[in-house]
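Below: one structure in structure tokens.
The first chain written gets the first letter, and so on, giving A, B, C and D; residue counts start at 1 in each chain.
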Amino acid sequence: MKDIIPGIRLIAFDFDGVFTDNMVYVLQDGSEAVRCTRSDGLGLQKLERLGIESVIISTESNPVVSARAEKLNIRCIQNCGDKRAVLEAMVAERGLSLAEVAYVGNDINDLPCLDSVGLPIVVRDAHQDVVRHAVYRTTRPGGQGAVREVCDLFEQALADR
Amino acid sequence: MKDIIPGIRLIAFDFDGVFTDNMVYVLQDGSEAVRCTRSDGLGLQKLERLGIESVIISTESNPVVSARAEKLNIRCIQNCGDKRAVLEAMVAERGLSLAEVAYVGNDINDLPCLDSVGLPIVVRDAHQDVVRHAVYRTTRPGGQGAVREVCDLFEQALADR
Amino acid sequence: MKDIIPGIRLIAFDFDGVFTDNMVYVLQDGSEAVRCTRSDGLGLQKLERLGIESVIISTESNPVVSARAEKLNIRCIQNCGDKRAVLEAMVAERGLSLAEVAYVGNDINDLPCLDSVGLPIVVRDAHQDVVRHAVYRTTRPGGQGAVREVCDLFEQALADR
Amino acid sequence: MKDIIPGIRLIAFDFDGVFTDNMVYVLQDGSEAVRCTRSDGLGLQKLERLGIESVIISTESNPVVSARAEKLNIRCIQNCGDKRAVLEAMVAERGLSLAEVAYVGNDINDLPCLDSVGLPIVVRDAHQDVVRHAVYRTTRPGGQGAVREVCDLFEQALADR
């Protein structure tokens, strides 16, 4: 981990199960809500100060994702059938390689991304079928400090250099 | 379990306590909300690919059930006093027998269904009075992975054949 | 417990912390929501079949309490500064004594009621200052099966006679 | 603790992570909700009876904070970039010193306040980087009894004198 982090320029996060506990609140009118932690905000501010770009990539298009991303002031790409293609396009635009990307996910639809980046990370409570695809598994579950933990790890690894 | 699964053609799920943690959020205007897990969606897609039909059967009629079922693209039968009669009608329509049905429940109003199907399943946190009526008890609680676990079990059992 | 239950004619429940986990969801518009469990409904139906009257007594007046009570089809008395006076009035109306009443509470504002009834009950996660005032402490926390547990205890104690 | 409490005249609370579990519910329309515990209300009433002033100081401006503060009948200062400056102004107005203030926080943005008051307190689940800055760490997590615990401690310490 400590050897890989200094080479990372971009961190891409899945939303459900990473920024949330993978739960969805369903209201009578069919609208949805999710639960996130306030602690993520202070973490993402650290990444920004470190000059590391952050992005949320979500398969589905959902207003709650937009709402949370706006509040956190983080870029958000939704409604993409192929997350890996999005990652590749972002990397090409910036003149980076996938080896310079970290990806944080939690379920089998994250496998193409986890298997292609330099630093694949899963949350503590990721589905058992994806755990072995990660270099690092957070100690905190999704939506309960996993994002902040990743940000803190970057801060510490870059401070220790 | 592994012997019974290949003969199952239809899985019927109770909603409250199976797709949810059996909790209900009550708002000031009297409307309700429930909490489900995003992980169930990927599981139900597996069942569809395996050619196994899924259905939600709920005693009560509640807009949150309709909303969740629509999002998951799964058929939903509500407002039925007699769940077992619904199961029997579905089985007759399809030319199946109850021995070819799995039922997933969590409380005493599920007993008539659990006691009549080929594969009775209860969630980890089912009421103590129904546990002994099941062939399988999930390791995950209702609303927190129980549905996905059942889907994963079917996928694995059918792959191992 | 088993000796006292057959003499009980009325069960009075506090709402917050008994029907709920004592949490309140605060929305931006100042409205509130609470979380209850579906399992309570089947329990209260048992009490009704046993001919035992149930009532919710809540100090505060809150639309979520009314909404939940209506759904559960249980009488609900709100906005009463003095819960014990309410209990005494109910008992007098019915020609009962407080010895024939069970009260389920969770915090220090329940002490006058707990100390005056025949069967004082607290939930598992009651405030430490009220626990010693109860004859029975549920094994399930408030809002997570405590009410159902009390109903099941009554059913069993009356069946065992 | 017991030696410091009798000298405290003002308790300042952070909101998120102290009155709440640091989680935020994000709704589709971008509005937010938080989860608090009813037990805090009875605790704050104790402080009032003891003649100790309470205040919520929150960096962000958020309608949910105003809503909760109004319900609890506690003063609330929001939208302040520099929490310590707010504390210093309050202290000066009242002719107190920071040594007569207790502050309850949970994350790194609370460090300036925690490091300047007479009684710095953190909640059980505070971020690891702030724990060593506190004289007392509550046994209950934020939003799940931490505020009530602080109030009960004051009541007991002042009763024991």
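Brief remarks follow.
Just so it is clear, a residue touches a chain if its C-beta (ideal position, glycine included) is under 8 Å from a C-beta of that chain, and two chains touch if they have at least 3 such contacts.
A quick note: this is a predicted structure, and the numbers were derived from the prediction, not measured.
Copies subunit B and subunit C of the same chain sequence form an interface built mainly from non-equivalent positions, shared numbers / all numbers used being under half.
Ranked by separation of Cα centres from subunit B, the top chain is D.
Superposing the C-alpha atoms of subunit A onto those of subunit B requires a rotation of 90 degrees, given to the nearest 5. Work out the mean CA point of subunit A and of subunit D, and you get 31 Å between them.
If each chain is reduced to the centroid of its CA atoms, subunit A and subunit C end up 45 Å from each other.
Chain contacts: subunit B has residues 25, 33 touching two or more partner chains. Arrangement of the chains shown, judged by which pairs touch: one closed cycle in which each chain has exactly two touching partners. Interfaces, counted as pairs of touching chains, are A-B, A-D, B-C, C-D. Per the touch definition, subunit B reaches subunit A in the complex via residues 25, 31-39, 42, 62-64, 66-68, 70-71, 143-144, 148.
Remark: subunit B residues 16-17, 22-30, 33, 107-109, 127 touch subunit C in the complex.
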